[in-house]
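Look at the two complexes coming up: chain A is in both, with chain B in one and chain C in the other.
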Partner chain A sequence: MRDFLPIFEMDVRNLFRNPVLIGYNTVFAGGLILIMGWLMGDSYARVSDAYQYYAITLLVYGTFSGAMTATNCFMERDIKKPNLRIIYSPAGGSSVWLSKMLASFVFDYALHIVLLILCGTLLGVTFGSNPLAFIVLMAPAELLGTALGTFGCCVLHSEELASTVLSLVVSLLCVLGGTFFSPDALGGPVATISLLSPVRWFDDAFFAMACDNDLSSFWPVFLGCSVAIAVLVIGCKHFFRTEDYL
Partner chain B sequence: MESLLSVRGLTKSFKGNQVLCGIGFDVIPGEVLCILGPNGAGKSTTINILTATLAADKGEIRFEGKSITGNLRAYKQQLGIVPQDIALYEELSAERNLRFFASLYGLRGSRLDAAVEEALVFAELVDRRHDQVKTFSGGMKRRLNIACAIAHHPTLVIMDEPTVGIDPQSRNHILESILRLRDGGTTVIYTTHYMEEVEAISSRIIVLDHGAIIAEGTKESLKESIASERHCLVEVDVPETTSDDTTVLRSVRESLFSVDGVKSVSIEGATIDVTSVAGIENVDGIVSAIVGQGLPIKNMTSVPVSLEMVFLKLTGRKLRD
Partner chain C sequence: MKTFARTFRAVLTNDLVRAKAQSVGIVIYMLATLVSMALGLYLNETQQVKARIVYVAQDAVQAPSSSAELDVTVEATQPPESLLVKQRYDAYVIPQPDGSINVVTLHSDDFKAAVTALVADPSLSIGLGQTTTGPGCQIIGFMMMFLLMNAFGSLFVFSQDKEEGQLVRVSVAPTSFPGYLFAHCVYCLLGIIPEFLLLAVFQALGHNIGFTLPEYLALMVMLDLLGIACALLLHTLIGKRDNANMLGNSLIMLTSLLAGSFSLAVRHAPVVDALRDLLPQKRLMDFASALEAGVPANQAASLLYALGFVAVLFVVSCAILRRRYVRGA
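Our next item is the complex of A and B:
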């Protein structure tokens, strides 16, 4: 733990010094909510319903896109070499990937909470009678995204390759999960397939909490996600190789 | 004297291609051991295994008599590593970089403050301590790159070509600082492509080629190994009107090989490098062989044995090839 903290602190600082990542998680995500809500406003009873839908689905999209934050934090060109020094030190080992995973989680989670507050304040998006539960359930989603990104780097041994593959996977899961349009509108088979996407599970749980004050999905999604995170963490431990930094 | 580091039977293959073929060597406390070898000789692989970043297929590394397997943390605590590339956070100041990297070795509080201060003095960056690394010159970054590796006072410093791409002044500063480290009792393993650096700092040299150690010893003993040869550089005047230079130079080569004691002849432009057996007085024969082919001699020099020659003799290649 003594070794871990300086590395974790440095990783968090590095992320908050990265304007591209900050922009992607706030301005880009916020802009996307505004544009999609405005464009699709006519398809909903009220424009505010469109903002409600896209604020939640794009927030889930953002949490899963945390995979790319993790790949960046893990192996991005400018920080790969200084990271090699961490590998050289007695602290090098599991602390390296664990720190990247948790730092990316903290970074994404903090920015997405800010975005959530802005959506509530400026666009009138509601998060149910218990917004705290909503924010708590965001945590495993964020961690699942960053764990996926870290796992991708450990398995594929390259930031570029991991980012490309994961961006495709996340986009596919999100389209399937109903990020941009409801899969239910496309008929029975598509709606059934969409249930395979974890994005859909989160979307459904968040909509139930925000619109119906229904917390029944909280624990199943929370626990299911925790199991997936545990599997990815074990995978990172198994596949991580220090020579990938050479 | 007992070795600080003992390497035995180190073997490594990449995709069926054997890069290290069971090499073994010892590192004596307080020495500067230079590892030389042409590109692809296995230097970087050796360094990466010594830094515990890459696993060997076979072999053992013992540090202070104990196998590093199972004692990796203690081993790494005693290591300072200067990688070939600049490994610094460019957005941070020199002091923040030093502070962070030294903290990874368990330094805290006043010990950390003292170590950072000492490293800044070592790198001659006290005045620039608060400046971002991205504003530094190449030489300053190289100095800081070394300072980050030695701030925690390691017993063994491993440097992988730490002077690549810097000006002569910074290179001299780095070489002097390595000698200061050695004088302070630190052991250094050093790889380089610059033979003059080896001449300046090495206590002992290992020559690697094709994954095997082909020579080992002090620079004096390695030079002694080819002292039975003498080199003579002859600069000739190749007339512009000569219709076929190749024919003339081929004739010169043949004439030189007929001179008693001549072992090899290489011709580059207007310079002829003649290697002959030491002790045979054949300079007049060499001169006659060249002049006899109609080539006037502009200059003639007897070249003392250098490490470059030793390297060329051992590997058949120049160090920077």
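Our next item is the complex of A and C:
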């Protein structure tokens, strides 16, 4: 633990020094909510209802996109050499990927909470009678996203390939899950297929919490997410290879 | 000319060999685009605008019957509000003791009045708003974002060369720099082959795809060139490949949605419309729409704008690259 903390601290600091990543998780995410909410404003009597829909779906999109933060943090060219040193230090190889995963989680979670507060205050988006529960449930979702990114790097052994593949997979899951348009509104097979997307499961849980004050999905989603994170962490341990840094 | 041809052939062969290492990413990109295209066609063929209502009553006998414009579900209790926000249902209709109905909806008052009328007489034809997008524009709109991202991703052959210092070697070797860049562009353009083949399959299966295959090819090449030009400029300007990729994909997503990708750009305002008109994707969609309507000449200016936009991006990128890498040329 004593060896791990300085690495983690350095990774968090590096992430908060990266303007592109900060912009991606704040300006881009916020811009997307504003644009989508405005574009679809005519679908609702009040524009705030459109913002309500897109703030939630795009926050879920943001949590899954945490995979890209993790791939950038894990295998970016400039970080590879320091990582190689850490692998042969007493801290060991596992501290490399674990630190990147947790640092990306802290970074994304902090920025998305800021975004959530801004959506609540500026756009009139509500997060239910218990916003704290909403924020708490975001944590496993964020960690799942960053665990997915780290796992992608360990399996594909290349930051660029992992980033490309995950970016596409996340985008496709989000399109099917209802991030950009409601699959329920389309009905039929589209609504049925969308149930296969994990993005849809998160969307449903967050909508129930925000709009209906219904916390019944909290524990199933929390526990399901924890199991998925555990599987990905075991996968990272299994697939991580020191040779990828040589 | 000989150097150009030799460089072009060597670089293109090299790109194809390097693509093998990226095959997983390429296949996933391709599948995402193909799924999106199929979804666009499916929605265009099946989409019917219906009011989906929940009739809240213990007794289903009182409920109106479903019709061409009304989809009725009967529930004993009122479903949660989140289903209205998610648009699973458009309205909850609650019959009152005095015989009137209370319509709970997040849509406009006009929609509320339409639902009230349809509940009273489900056989009415109100016209809740049919989609006016043709199948061609719908397919192009659904594939646009993925096609641009694909073009951006395919230019890894250039960004990798630049980041790993190969570009400096290429620039001082007895090779043709335009031939080198042209080969990369051709490699990126090869990425549209699977999408084109899928369109041919759709057509062979008897689906109405809106455009002829040559028209599709031209539009897809235009979109791909736009993606390549954006990628070239960003990779030229930004030192780190990851940062350029992330910024590029974000820009593509934001601008494509604003330009009408997924047929989402439904709301209008003077300032936003003016901004939207600056986007080359929007102008290409305008041209595609006119082409599908059989009056391409009406939007010839839009096509010229998009072509000009691509040309400017290429010229600026090439000028910067020339200054940085082939100063002595």
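FYI, the second predicted complex is superposed on the first by the 246 of 246 C-alpha atoms of A that agree within 3 Å, B and C clash if a C-alpha of one lies under 4 Å from a C-alpha of the other, contacts with A are read in each partner's own complex, and residues count from 1 in each chain.
Just so it is clear, a residue touches a chain if its C-beta (ideal position, glycine included) is under 8 Å from a C-beta of that chain, and two chains touch if they have at least 3 such contacts.
Being a predicted model, the structure only gives us computed values, none of them experimental.
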Problem set entry | Clash-or-fit label for the pair chain B, chain C on chain A | fit
Exercise. Angle at chain A, chain B to chain C, CA centres, as a multiple of 10°?
Worked result: 100
Exercise. If you stack the two complexes on chain A, which partner ends up touching A:L132: first (chain B), second (chain C), both, or neither?
Worked result: neither
Problem set entry | Which superposed partner A:L172 touches (first chain B, second chain C, both, neither) | second
Problem set entry | First (chain B), second (chain C), both or neither touched by A:D49 | second
Problem set entry | Which of chain B and chain C A:V227 touches, first, second, both or neither | neither
Exercise. Of the partners chain B and chain C, which touch A:I86 in the superposed model: first, second, both, neither?
Worked result: first
Exercise. Looking at chain A, does chain C or chain B touch more of its residues?
Worked result: C
For this session: Answer with first, second, both or neither: which of chain B and chain C does A:M10 touch in the superposed model?
Result: first
For this session: Please work out whether A:G41 is in contact with chain B alone, chain C alone, both, or neither, and reply first, second, both or neither.
Result: second
Problem set entry | Superposed arrangement (fit on chain A Cα atoms) - minimum chain B/chain C Cα distance in Å | 13
Exercise. Between chain B and chain C, which residues of chain A are contacted by each of them?
Worked result: none
Seminar exercise, completed: Per the touch rule above, chain C residues touching chain A in the complex are 21-22, 24-25, 28-29, 31-32, 35-36, 39, 42-43, 46-47, 50, 52, 71, 80-83, 85-88, 105-109, 145-146, 149, 153, 156, 160, 163, 240-243, 245-247, 249-250, 253-254, 257-258, 262, 264-267, 272
Exercise. Taking the complex as given, what residues does chain A use to touch chain C?
Worked result: 18, 20-21, 23-24, 28, 31-32, 35-36, 38-46, 49, 52-53, 68, 72, 76-77, 156, 159-161, 163-165, 167-169, 171-172, 175, 178, 180-182, 184-191, 203-204, 207-208, 210-212, 214
Exercise. So in the complex, which bits of chain B are touching chain A?
Worked result: 48, 51-55, 73, 76-77, 79, 81, 83, 85-91, 97, 100-101, 103-106, 148
For this session: Give every residue of chain A touching chain B within the complex, in rising order.
Result: 2-3, 6-7, 10, 14, 17, 78-79, 81-82, 84-92, 242-243, 245-246
